[in-house]
Amino acid sequence: MEAPRRSERGSEEFSRVLAFSDGLFAIAMTLLVVGIAIPTLADGDDVGQLADALNDDLGSFVSFFVSFAVIGRYWVAHHGFFARLAAIDPALIGLNLIYLMFIAFLPFPTGLLGNYFENPLSIAVYAVAVAIVSGMEVVLFAHARRAGLLARAMPDDVYRWGRLLSLSPVIFFALSIPVAFVSTGVAVAVWFLVIPFQAVANRRKPDRADEFF
Amino acid sequence: MEAPRRSERGSEEFSRVLAFSDGLFAIAMTLLVVGIAIPTLADGDDVGQLADALNDDLGSFVSFFVSFAVIGRYWVAHHGFFARLAAIDPALIGLNLIYLMFIAFLPFPTGLLGNYFENPLSIAVYAVAVAIVSGMEVVLFAHARRAGLLARAMPDDVYRWGRLLSLSPVIFFALSIPVAFVSTGVAVAVWFLVIPFQAVANRRKPDRADEFF
Amino acid sequence: MEAPRRSERGSEEFSRVLAFSDGLFAIAMTLLVVGIAIPTLADGDDVGQLADALNDDLGSFVSFFVSFAVIGRYWVAHHGFFARLAAIDPALIGLNLIYLMFIAFLPFPTGLLGNYFENPLSIAVYAVAVAIVSGMEVVLFAHARRAGLLARAMPDDVYRWGRLLSLSPVIFFALSIPVAFVSTGVAVAVWFLVIPFQAVANRRKPDRADEFF
Amino acid sequence: MEAPRRSERGSEEFSRVLAFSDGLFAIAMTLLVVGIAIPTLADGDDVGQLADALNDDLGSFVSFFVSFAVIGRYWVAHHGFFARLAAIDPALIGLNLIYLMFIAFLPFPTGLLGNYFENPLSIAVYAVAVAIVSGMEVVLFAHARRAGLLARAMPDDVYRWGRLLSLSPVIFFALSIPVAFVSTGVAVAVWFLVIPFQAVANRRKPDRADEFF
């Protein structure tokens, strides 16, 4: 059995792709909490021991909240992307599955980061995983435009601008990988450069982009 | 890619936010069971040993049922809140994600409580997490009103009354934190004061509140 | 915030209760697999060692498939029950949450049974959990009828017959508890008596029941 | 309570079966990541140690991505299958549950494969599980056709061709089982023969099949 050719917005088949994606996002985000281990204490009633144990878990808490925010940001983007589609085709379903495969994988690099925050390789594995997700976002966007799945045809300058916005995390996360082997702190700082970069890009929005984004 | 400006009730985008939220609630509530460890017995067929082991797990059972009830109560409130919205906007989607981040986090303080029920710090961590969730509920409510997302404009007295109802757990759970360092049992009792408080508040409902709640 | 008074079939609020319930059922059923531990082998490539380890896991496999079938059976019943409703009210939402609380709990007694299949207490805990779920099914059914939520008014004899069908697992699972302390094998056999009992009950269906079931 | 007789496409009952199935698929696929253990390092900051540990986990990564692709492929087929149905009946709901039982089971053989990639028995268990899922796909398809649930009556040659496509993984995975006891590498290669086989079968598509697939 294969997927049907093309399913218009409003059909059961269009909705199912969204329901499946939403379920997968929700699970990947909720599973992150499983990575925070309940500490084992010699004396369970001792406040000091539990405080120390929670302090040792600090990396796990940071990576839970950062990863929830990161995957949540992708969910918002996924939501915004599908809101602009008039239909889906089998290639989009396949590309969406590859995209979701890396979303589902994110709890692993998150757990790694939570345990080995100072290890350059944890930073590198995390950065590669995030860069691939952002890269797949660009691929989904490009396919939807080429295959005529967008509800409204997008002018070239608006498309290039939107693609740059999706590509910027790929660039910054890729850049952070060699940096991690010098300093893990600086590498994480490079990740956060995506925020001011996107703020600047938002100011240089093409005129007609307002109708699309 | 960004979220679309404003999505009316009935659109695929409005429904997706609900589907995603419901999925996350359902997973957070079901994951609670993972926190109850299957005991390891020297003699697997011995009734006495298993009874002792289950008795040692008592804290885990209590925290499973309490947390399921707590998160279930939030789900009912979330359900009631969205039932009153005519539309959602990107800010509401973002605030909803922050709210859900703390819902997804709840299995950790629940596990902590299950293992270290007598430890004041477990009680404090749990109380902080629940207070934040209730606080975010107030923030969501305030934003929806200010941004004109409610299906019907709400009079000031009705709004203040509804806000008090959502704020009351914040107050009681915050209050329980210092109490926990004196007696963990009394701190948990403070939590349950929310129930009679809300019962009294329900009697003092403004006249027109009936049309909204 | 509270749940809205009454939500008719077709409203977003009615659908959300189903979406949330379906999510919770799906997760509880899929989490069962987490209870099957991957064996640890001295020599990973040895077929005999892995065969022995899988043989030791036999109880886990049996309890996965039995529990999936049991929860799946409840999902079918839940599906059939909601298909007969014209509306939901806040009390039904609350009762449904209590029902789902025990569905979400089932992976724990299942894990217990998988590890300690010969222990009478495992059998008893499992039987209690299943009996409560079936009991809650009866409570949901009775409430829906009393509150006028059923799409079509149900005659007394048809209602009593439907209630008997839902009550029968409560009776057989409760009966199996004392039996378990004599023989765990016979206790499990008592569970399977539900199947012929319901087959006989199906033959004694009241005439008009055909229009409802 | 029992499932309603027959539910047409567009009814809440039809949608619920899809929502439940999508949730179960999404969870089974996301749970695969739990099978990849976070390594324990003597020195957490050491790149070489983490690299070695990740290298030892290689089997886990391969089985995560292969299994995600395998279950994803079944989700696409399930999606395509339900897109062709005009209605569902209780028997289809029951068969769908049995199908989903084996989908939910797949994380276990995947974990086995990830840990014991060289063990013929891991390969055999995985192959049996996948062959059963594909076999159930054929059973679902046959039932839908016999019970008149398909939206459009399918000619005999088109049906036989579609059945062959679904049966081919059963054959290749069954064939790989004896091969695994000679060489696990060759057994895995036999699995991938499904791809060229289906490509050849796609060239021999009956004329009218284009309207159905």
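Think of it as A, B, C and D in the order they're written, each chain with its own count starting at 1.
The rule is short, and it goes like this: a residue touches a chain if its C-beta (ideal position, glycine included) is under 8 Å from a C-beta of that chain, and two chains touch if they have at least 3 such contacts.
For clarity, every value in this text was computed on a predicted model and none was experimentally measured.
Engineer: Give the rotation angle, in degrees and rounded to the nearest 5, that superposes the C-alpha atoms of chain B onto those of its identical copy chain C.
Structural biologist: In degrees, rounded to 5: 90.
Engineer: Look at both sides of the chain A and chain D contact and report whether the same residue positions are involved, with over half shared, or different ones.
Structural biologist: Result for this pair: different.
Engineer: Taking each chain's centre as the mean position of its Cα atoms, how many Å separate chain C from chain D?
Structural biologist: 26
Engineer: Can you compute the centre-to-centre distance for chain A and chain C, using the mean CA position of each chain? Integer Å is fine.
Structural biologist: Going by mean C-alpha positions, chain A sits 37 Å from chain C.
Engineer: Going by the contact rule already set, what residues in chain C reach two or more other chains?
Structural biologist: Answer for chain C, listing residues that touch two or more other chains: 19, 23, 27, 31, 34.
Engineer: Could you pull out which chain C residues touch chain B in their complex?
Structural biologist: 1-4, 7, 12-13, 16-17, 19-20, 23-24, 27-28, 31, 34-35, 90, 93-94, 97, 100-101, 104-105, 107-108, 111-112, 115-116, 118-122, 125, 181
Engineer: Report the residues of chain C in contact with chain D in the complex, numbered from low to high.
Structural biologist: Where chain C meets chain D, its residues are 9-10, 14-15, 18-19, 22-23, 25-27, 29-34, 36, 38, 41, 44-47, 50-51, 54, 64-65, 68-69, 72, 75-84, 137, 141, 162, 165-166, 213.
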